[in-house]
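There are two complexes below, and they share chain A, which is joined by chain B in the first and by chain C in the second.
Take a look at the complex of A and B:
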């Protein structure tokens, strides 16, 4: 008997995707820069309903549906919630950004919705076939998001780069899955494969091949350190809302499938598998945080900082099932708001000063105190300074890692997060202390052909949706620390139900 | 030697050689033609395996659609016949290593005795790999029926998800190629066809004066 209640959130998103398609078709306004409001609201409504549905499903007992292909358990639901929230914020970021560039925003929301569906199915997938199809759904839309502003050469370049490298990593993932299929005795279900691998431990070498191939594919999606080369280029070239989506929702989905594979399928390889993940974590923390210090472009800096952040998340992932997941979820949940806030500020500033270069932020505090204040809050939270929510996430994570006797990785983590304070503070120092040079406003920089648009945006100097998003993120970052206790206790109860028993 | 063995060696050797020729051919069009030859041989192999529906689909989709599309693209883009000779030795060490590793992996699983390096000490290693007895799974229903039974019952949700991916791919292709903004000057076919010859000449003349 099929029961569809667990995939109601995905169904809502699919319906809203189709509604967005039709709403865009029946668009009557000829002036393209006024377009997009309806589609944005439909997509936002769909995501909101889906978040509500997920919250409704959270206390339900875990179950397997779709012939065992989709598992509904509390940890999976938490991952899906985080992905949906990331996309919800991302939808609000896009409208003003694309209006400025003269690109319609409707298709962007379609791609965001479709990749959210892919990511959410990926977090709940309990079957090799569903995992691969959902992974491809997520990846294909990510390539489209990266190349969305096709008039921009950098966007095209980043899409081509991402497409080629991403396809190579998908190949490795598919090859790894085919090994798992063979080792699991012709079964595609994660439990049965995990059971078979535990049952016949005399062929660990073949299991290792499968593990390395699968984690090569997923590590690319996460942009963990040896596979991080694509991230700065793609983030710099792609439109900023896409970069925000790639750094939050897509990574959360990658982490979800990595966690499920590590804790359910490859449990026979523990603790060595965990050590490999620790190695990835250490490399990501070092590479991300060290290279970020030398960046002069805001989006590249955020890309390297997100590589560093994924290192902390991988550190929590490398702990055994039951120890790591609460700190992982807590940090991931706060990371969504910190990173989205930072990207929202980047978009707002780039709309107003016309560039993403960190040097051109000099003296902005005098003219735009509120945006600079919010950006400082988000960056300091990413660095992990005490009154903000990032501090609690990081402390909890390092504490869990220390309890799990990962002494050296924890020390490296603390050391690199101290290093990361340097480059976050550098941006803040430039904004607050330097004298403003005669920077051009973006209206002066924009092409003469875009006069029409610049006129339309001149009147609303602070775009309302972006400002709203920014306020949401900044207030979450600074106020969530008051409710960190209840959040922790919620997060502590999450688990992959179907891991138990073997 | 049975006829199947002869056919298998024939198909597989031609497929391997033409697969090599795909990457060795100087002319990209020859390369695509060799690719089509690979596909044809592989579909022959599929017939030998007894999956005739897949063999047919392979021919229709890969040869009929994808390879011909490649051919069109290569001919339309007018790619110069590139000198690819000098790159061969450069990538040989890395490529050779990867190829060797994959070969060893396959031997490791199929025939463990052939690789003395990774000798599994456990004598029961062979039986430990829990092989699926595919012989037991043979049923006397045709290919298409078997596929239909699985695709539309047990895994129809994968099917729906794949269709969603196709929808998005279609939208993506349109988005990446269509330029429909007010800033782009588009061709107005009806207006062009409705233009009167005499009037046009007159207009230009009057503009020049």
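Take a look at the complex of A and C:
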């Protein structure tokens, strides 16, 4: 029985997923848009228990279970913890949003839970078969999440686009994995493949084919720069909680598998492999931050900003195993709260003013000072302004990159991060300085997606769960900077990936 | 247990591989859906013979039962239910050549790598008499987690398909024609 202890967090989530199915089946309320409270709480409880179980497993020594298919090491657990936290926040975002739009939220929680399980298994997988199956579990649910609001044409379009491009990237990943299987001497274990790749007297060209195919597949999931075209359309079209999930949990899982492959399997390709990742990082930082400056739609802007953010994270990834991991984890851990907070504010504002366009935020500070304050906090933290947590994460990351002698990428990183201040500040400036237009309540302007639905909700200006989430994110963003010291030491204590001494 | 590739075996192998090759080409280029479905059947059957040639009897049987007996028949049923699809206009030659080039560009490195003897086969095991035992052990050891994840994936795929296809109270209102679900 003991050997199953490492997958207890995933088991808890699976059980809560089944409970959500049954709770949805036996729910008694006939009015469909009031559904969802029970399922939300079951899912949240499952995720909370799973987070507790992960914290319990964190100090354990690294080990392999199930014949080497699954690795438990504290770096992998940290990734799983971040994915679970992202989904936990995302679950709270969805209820009010879907209730206002007249869509039941139960299936949304099922898809979020299943993709969380997929992402968590992906972060711990140590085997090609498990990695691919978990990757597919994550992807399939992402497509479903993107197309969740079925009545909305844009949501359907984004789901179809995501499905087709995502399948192409999955094909590339599977083909790359089959090359790895051949090169690794018919083994599917990451350690054995890495060992076999190191045995070749000179790096065979086929290893590069495998590397490029695999990183094409994962780069798509991360929406890193040459593979980013899907991200803005999908973020804009899909329901905002789905976009929040895609920008945080799904990316964390992609980073986890990228890091494990880069540091364990492709260690014989270093340092050239690291340089390719640096190239991706530079492109992402430039493309994401430059194009974000010209966006007029909040969700598109957040999509491009998250492309820029993935550039910073890839910069940490391109460092060698042992240098980059702690800065990567610190920045990713803070990024979850900053980005989720920004998305929570976007949802709250879109429910109240009925649109996501940045121009319509004009003068909102006078009517909704708290939401605008929280949004400003999250955006400034994403930009990396000093007292907020994003500043410390970014400084630590750039410092690690500088130590790793990545001078030019670091300079580009600092430059683009200064550039990003422009478009984050633009939103804040519009909210604080412009004249307020006559703002309509959400009852007058339904979400554009659901205009045909006449909903008969009681008037509540501040949806309780969303506000709670917002307060959680904003307080984390502002308070984490006081505990950045202990946080850094926790991150520094994370072990390496399980590598068996090869 | 080793498999000796004498002339008899290798000529058999070549014939089977040709079946896989032409079957899969047929899936792509067949003019109508039903021919493509039958080509898929040929491909799957040839793959079952490949398994048989490598002593994987159970896998061969499962391939015939599950993939041809169930999945391919299901595909044929689905095509019959949907009815004959209108013939797609044939693509221009340049387009087809481009696709052919891209596909062979992806495949040819694999062919070269196989002939170069790049693969080392140290970890490969040809199953002997105890094939079923090995599969059982594998399913409860290193493939337990992927196996369970696949069942979770299927469950969610089912829920997702129902979610996309099912009429809900909120959809009772007459929908505009272009509002049909895409997936």
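Here is the rule we go by: the second predicted complex is superposed on the first by the 483 of 502 C-alpha atoms of A that agree within 3 Å, B and C clash if a C-alpha of one lies under 4 Å from a C-alpha of the other, contacts with A are read in each partner's own complex, and residues count from 1 in each chain.
Everything that follows uses one rule, which is that contacts are C-beta pairs under 8 Å (C-beta built on N, C-alpha and C of every residue); 3 or more make two chains touch, one makes a residue touch a chain.
Here the structure is a predicted model, which is why all the values come from computation and not from measurement.
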Superposition on chain A - do chain B and chain C clash or fit: clash
Partner chain in contact with A:141 - chain B first, chain C second, else both or neither: both
Touched partner set for A:111, first chain B, second chain C, both or neither: both
Which of chain B and chain C A:206 touches, first, second, both or neither: both
Contacts of A:153 with chain B and chain C, given as first, second, both or neither: second
First (chain B), second (chain C), both or neither touched by A:369: neither
Touching partner for A:271 - first (chain B), second (chain C), both, neither: neither
Partner chain in contact with A:163 - chain B first, chain C second, else both or neither: second
Chain C-contacting residues of chain A that also contact chain B: 14, 17, 21, 32, 66-67, 69-70, 102-104, 107, 110-111, 114, 117-118, 121, 129-130, 133-134, 136-137, 140-141, 144, 147-148, 150, 182-183, 185-186, 196, 206, 209, 452
Complex contacts: residues of chain C adjacent to chain A: 106, 109-110, 113, 118-124, 141-146, 149-150, 152-153, 155-157, 159-160, 163-164, 168-171, 173, 175, 178-179, 181-183
Residue numbers on chain B that touch chain A, as the complex places them: 105, 108-109, 118, 120, 122, 124-125, 128-132, 134, 154-155, 157-158, 161-162, 164-165, 168-169, 171-172, 175-176, 181-183
Interface residues, chain A side, partner chain B - complex: 14, 17, 21, 30-32, 66-67, 69-70, 102-104, 107, 110-111, 114, 117-118, 121, 129-130, 133-134, 136-137, 140-141, 144, 147-148, 150, 182-183, 185-186, 196, 199-200, 202-203, 205-206, 209, 449-450, 452
Contacting residues of chain A [partner chain C, same complex]: 7, 14, 17, 21, 32-33, 66-70, 102-104, 107, 110-111, 114, 117-118, 121, 127, 129-130, 133-134, 136-137, 140-141, 144, 147-148, 150-151, 153, 156-157, 159-160, 163, 175, 179, 182-188, 192, 196, 204, 206, 209, 452-453
